[in-house]
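Structures incoming, each one as structure tokens.
The two complexes that follow have chain A in common; it is paired with chain B in the first and with chain C in the second.
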Partner chain A sequence: MNAVGFAWRSLVRQPARATLGIVGVAAVGALLFDMLLLSRGLIVSMQDLLDRGGWDIRVSAGELPVDSRFIPNALDAAQVIAALPSVEAALVIREAEAQVDRISGPPLRASFQGVTTRSSTSVGSALRAPWTIMRGRDAEQPNEVVVDTDVASSAGLEPGSQITMRASCLSDLEALPVTRLQVVGIAEFPFESTSENTIGGTFDALQAACGGNIGAGANLILVRSTGDPDAATAAIRASQPGLRAATNTEVLGQVQRTGFTYFRQISSVLTTVTVSFAVLLITVLLTVSVNQRLGEIAALRALGFSRTRVVKDVLAESALTVGIGGLLSLPLGLLLASGLDRILKGMPGIPAALHFFVFEPQALVVHVALLVATALIAALYPMRIVSRLPIAATLRSEVMG
Partner chain B sequence: MRSGLGARDPGLGTREVVVDARAVSRVFAMPAGPVTAVKDVTLQVRGGDHVAVRGPSGCGKSTLLHMLGCVETPSSGTLLFDGQDVGGLSDARRSLLRLNQIGFVFQRFFLLPMLTASENIELPMSEAGLAKAKRRARARELLEYVGLAARADHRPSQLSGGEMQRVAIARALANGPRLLLADEPTGELDESTGAQIASLLDRVNQGGTALVIVTHDPALADRAARVLMMRDGRIESEQAQ
Partner chain C sequence: MPVAAFAQTPPDILVSRQLAESEHLTVGTIVSLAVDAAGTGAREFRVAGIYEPTPDPARLGVVPRAVRLHLPDLLDLTRRADVLAGTEYVSSVNVALTNPAEARTFARDVNARLPGVLARPATEAAGAAGPFQVLERFHLAIAIVTIVAATVFLLALTIMLVDERRETVGVLRLIGLPVRRILVQILLEGLLVAAVGAVFGLVLAVLSEQLINTFFQWRYDTALVFVRVTRDVALTSVSIAVPLGASATVVASWALLRRSGLRLARR
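Moving on, here comes the complex of A and B:
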């Protein structure tokens, strides 16, 4: 019987203790796994949001990623940017406040995103709006819009429905006429928070909703490079010195330095705490187990079992406990992550499509490595006990006992 | 591993010296000062010998047994096992020596409760690297030898004290040892069961395996060819029977 088989029998021999160890490791392992998912989850998720639609550069009037200042003459700037050799296309985004009438209840407050036509340059491929169509199709005409799922469900809208809205483009005090638009699709807006409602359409649609009073400014220009975003960003900075241009990677770095650092720190602290707890738990259980079997271990040593072999038995017992618990920790961790993600996404201003916990193979590798280290470190003390066990004295004391 | 069961072949040079203790002493460092458990003991055990060690509690019987079994090394003197100086062997070499040449039977059996009788017997063979099929076959033979063939799949908790000790003897014989050491093998058993175990040990000895028994039981000691009386760590007398 090899060390693993022997360790398995030792575990089965004390089912309550083995279960306690395995459940403890599963619980601690689940937390550990979640902390690993959290440590990179926001970064990975934010990267995904930024990369959606294939826009790899962002241009704004102020600091990225968030600044409320308008880009003056944004359409002209976008035209110049789109004409740069390293740029494939540019898309201007202008936001306005809107109120959508409902059959019952007060009007629904929403943000109306108007974007320039997705063919501002002579590119061969179709350009995608910064939203994802879930049902129906994208808005292409000045009388067409797409709405998010919350607007659709709150106002009872489906592709083909008519929408009545008032948009406020320059001032809250404006008294603009009602505009009727057709809903042609239901869309997901990547940076929209759970408490926000969003409508999307062409720049012309927004212009119409604002009564032609939209001005030349815009909130953001999205740019797609021809393949070298760094070179394109440098070219944009040179051609538009009054604007801030940043690649998605730079935006992500900025976000990482400011907002996400706390999560990484929390994750690191909790990872250390959970691993330490797992080590202590397994060390205590193994030490108790070994101490209860000192007589048997001494007898085995007297019968010729080598010191290495009895040490291996203890290590295998630790590895089995941590291994089984670690396996259970994966589904448990994913379940817990999904619940925690829902809670954290409830924080105000967090994009609904942003995830705090994102699975990556790298997280699994680190999880496994930490569990292996846990099994090893936890077994050190009990291994020391059996390796230094005085055979004769132990046999004598067992008989006396 | 040798052929046969408990069962060494009595005709094959069994009288050669197996273990040779030359003026061995064993001193333990204790908080109150060193304690000499065994003092200047000289003893030879040959193949087929049947030796009983008697004496009052604390006289050093078990320590002597542990030295003969290469569990303890002497603090002074020389202990040769099969001509090898045990004091110069590493822990790993001594473990190997015990595994292949020495069998131990304990007062408290020390069978592993999570293993069946057969698996307990297989353990030393497994450690010695014997193939599974051969281990199984040998364990079956040994169980038959000790009269427990029907109990092969029983766990120690399902066996009586006498049966457990018989399994422990079978386990000690698993790798065909030249020397079998028994420390109070009947200490936990009633008189009748103890007599059965004594008979079994006699049978093992008659097969050619040298047998050294530490016991307080005069009936068990009387079966030995040589009886050593120990007192204060020394062999006070040796009686041939």
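Moving on, here comes the complex of A and C:
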């Protein structure tokens, strides 16, 4: 019988302690796995949000990724940007406050995003806003809009319904007439937080909703390069010195340096604590287990088991405990991650589509590597005990005892 | 940008410690402030003091390069040419009440009398989803998982330790000690071990508290306190750890004590 088979029988012989050891490793492993998912989850998720729709450069009047300042003469600026040789298309995003009437209850406050594309190519002109259509189709006409699922459920809207709203583009104090638009789709807006309601449509639809009183400014211009975002960004900076342009990678780098460092740090601290905790506890479990079986191990040595063989048995027992616990930790970790993600997404201003815990193959590789290291380190001391076990003295002590 | 010469004493400002350090500003330095990088409408101010910004977990990692001005000075500096003095807006007004217990009533009155103004008691301003509350819930969830894992390991360990003493327990049963008496002894032992463990854990927490705070305060250049072992936290930890440890010992011993003394004492 090989070392693994022998270790398996040792575990099966003591089912209660083996089960508890494995369950303990599974719980600690789940936490460890989650911390690994957390360490890069926000970055991966943010990258996904930024890349949605294929827009690889963002142009703003202030600091990216978020700034409340308006881009002056945004349509003209977008036209100039779209004409650059390294740019395929530019999408102007203008936001306004809107109040949606409901059959019952007070009006629903929402943000109305009006978008328009500027491009010198037919492919570029066909590019759409970064929102994802869940049902129905995208808004294309000045009397059409798409709404998020919250607006749809709160106001009882479906594709084909009429939406009644009052939008204010320039000031909250505007008293604008009621506008009726047609809902043609239900969409998911990438940077919408859980507490926000959003409506999307064309620039013309927003203009219609605001009674033409929209101004020349916009919140953001998204740009798609012809393939080299760095060159396109440099060209935009040269042609629009008053604006800030950054590639998605640069925005992500900035976010990485500032916004989410706390979670990376906390995940590093908890990973270290969790691994130390697991090493300590498995070492204690194995040591106590080995100490209880010293007579048995000495007898095996006397029967001809080599020193290497009994050391391998202990290592295999550690590997089995950690291995089975580690396997169980994966589904458990994913379950726990979804719960923790829900908790953290309760933070104000966090986009609903952003996730703190994101699975990556890299995280799984690190998880497995840390568990292998845990199994090895935890087995070191008990392996030392069995390797230095004096056979005759141990057997005599067992008999005398 | 520091300015050397000035005709009359300019208005006072405060600068954040981080800005003072990065720009080498000291109390008394005259600086020029403008609303844009081009220096439009720049005015001179005197650094009257350097302050430590109130730590904000939502802006962790962002170095607070901030300046505090008297409101009239700020409005003078930022007022557009087409805006009349006195018609500017402010984003918020903090109100100190003579009786803080009336905050909710006061907020209700303001909301009724001033349409367009939203008044809220400071305690409710962060809401149920403020960053602190969310982080607290997150840490609580992590703590629960840790407790579950620790309990399972503890149970495994106590089962092994109790098993090691099966002969002793068997002999005690054979010489006439009732199960309840042995169980009380085991419970007392468990309580003692758990209490010592809890105290050791608290000492470790207090020692690591300083270490963690020093590291994170250095890392983020903030005065935010990340870990604080308060009396309540210590009491909660002890009130969970001690009963848990003692219960684990009793639960692990129970299966053993149900067996007969002869069976336990037999080798």
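In this text, the second predicted complex is superposed on the first by the 392 of 401 C-alpha atoms of A that agree within 3 Å, B and C clash if a C-alpha of one lies under 4 Å from a C-alpha of the other, contacts with A are read in each partner's own complex, and residues count from 1 in each chain.
Simple rule for what comes next: a contact is a pair of C-beta atoms (placed from the backbone, for glycine too) under 8 Å apart; a residue touches a chain by one contact, two chains touch by 3 or more.
What you see is a predicted model, and the numbers here were worked out from it, not measured in a lab.
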Room on chain A for both chain B and chain C (clash or fit): fit
Considering only the touch criterion stated at the top, classify A:Leu281 as touching first (chain B), second (chain C), both, or neither. second
Answer with first, second, both or neither: which of chain B and chain C does A:Gln292 touch in the superposed model? second
Which superposed partner A:Ile103 touches (first chain B, second chain C, both, neither): neither
Applying the document's definition of touch, where does A:Gly21 land relative to chain B and chain C: first, second, both, or neither? second
Please tell me which partner, chain B or chain C, touches more residues of chain A. C
Applying the document's definition of touch, where does A:Ser10 land relative to chain B and chain C: first, second, both, or neither? first
Once both structures are superposed, the least CA distance from chain B to chain C in Å comes to 10
Could you list, by residue number, the parts of chain A that touch chain B in their complex? 1-2, 9-10, 12-13, 295-296, 298-309, 391-392, 395-396, 398-399
Name, in rising order, each residue of chain B that touches chain A in their complex. 62-63, 66, 69, 71-72, 91-92, 95-100, 102-104, 106-108, 110, 112-115, 119, 122-124, 126-128, 171-172, 175, 183-184, 187
Using the touch rule from the top, collect the residues of chain C that touch chain A in their complex. 57-58, 60-62, 116, 127, 129-131, 133-134, 137-138, 141-142, 145-146, 148-150, 152-153, 155-157, 159-161, 163-164, 212, 216, 219-220
Of all residues in chain A, which touch chain C in the complex? 16-17, 20-21, 23-24, 27-28, 30-31, 172-173, 195, 257-262, 265, 269-270, 277, 281, 284-285, 288-289, 292, 336, 339-340, 343-344, 346-349
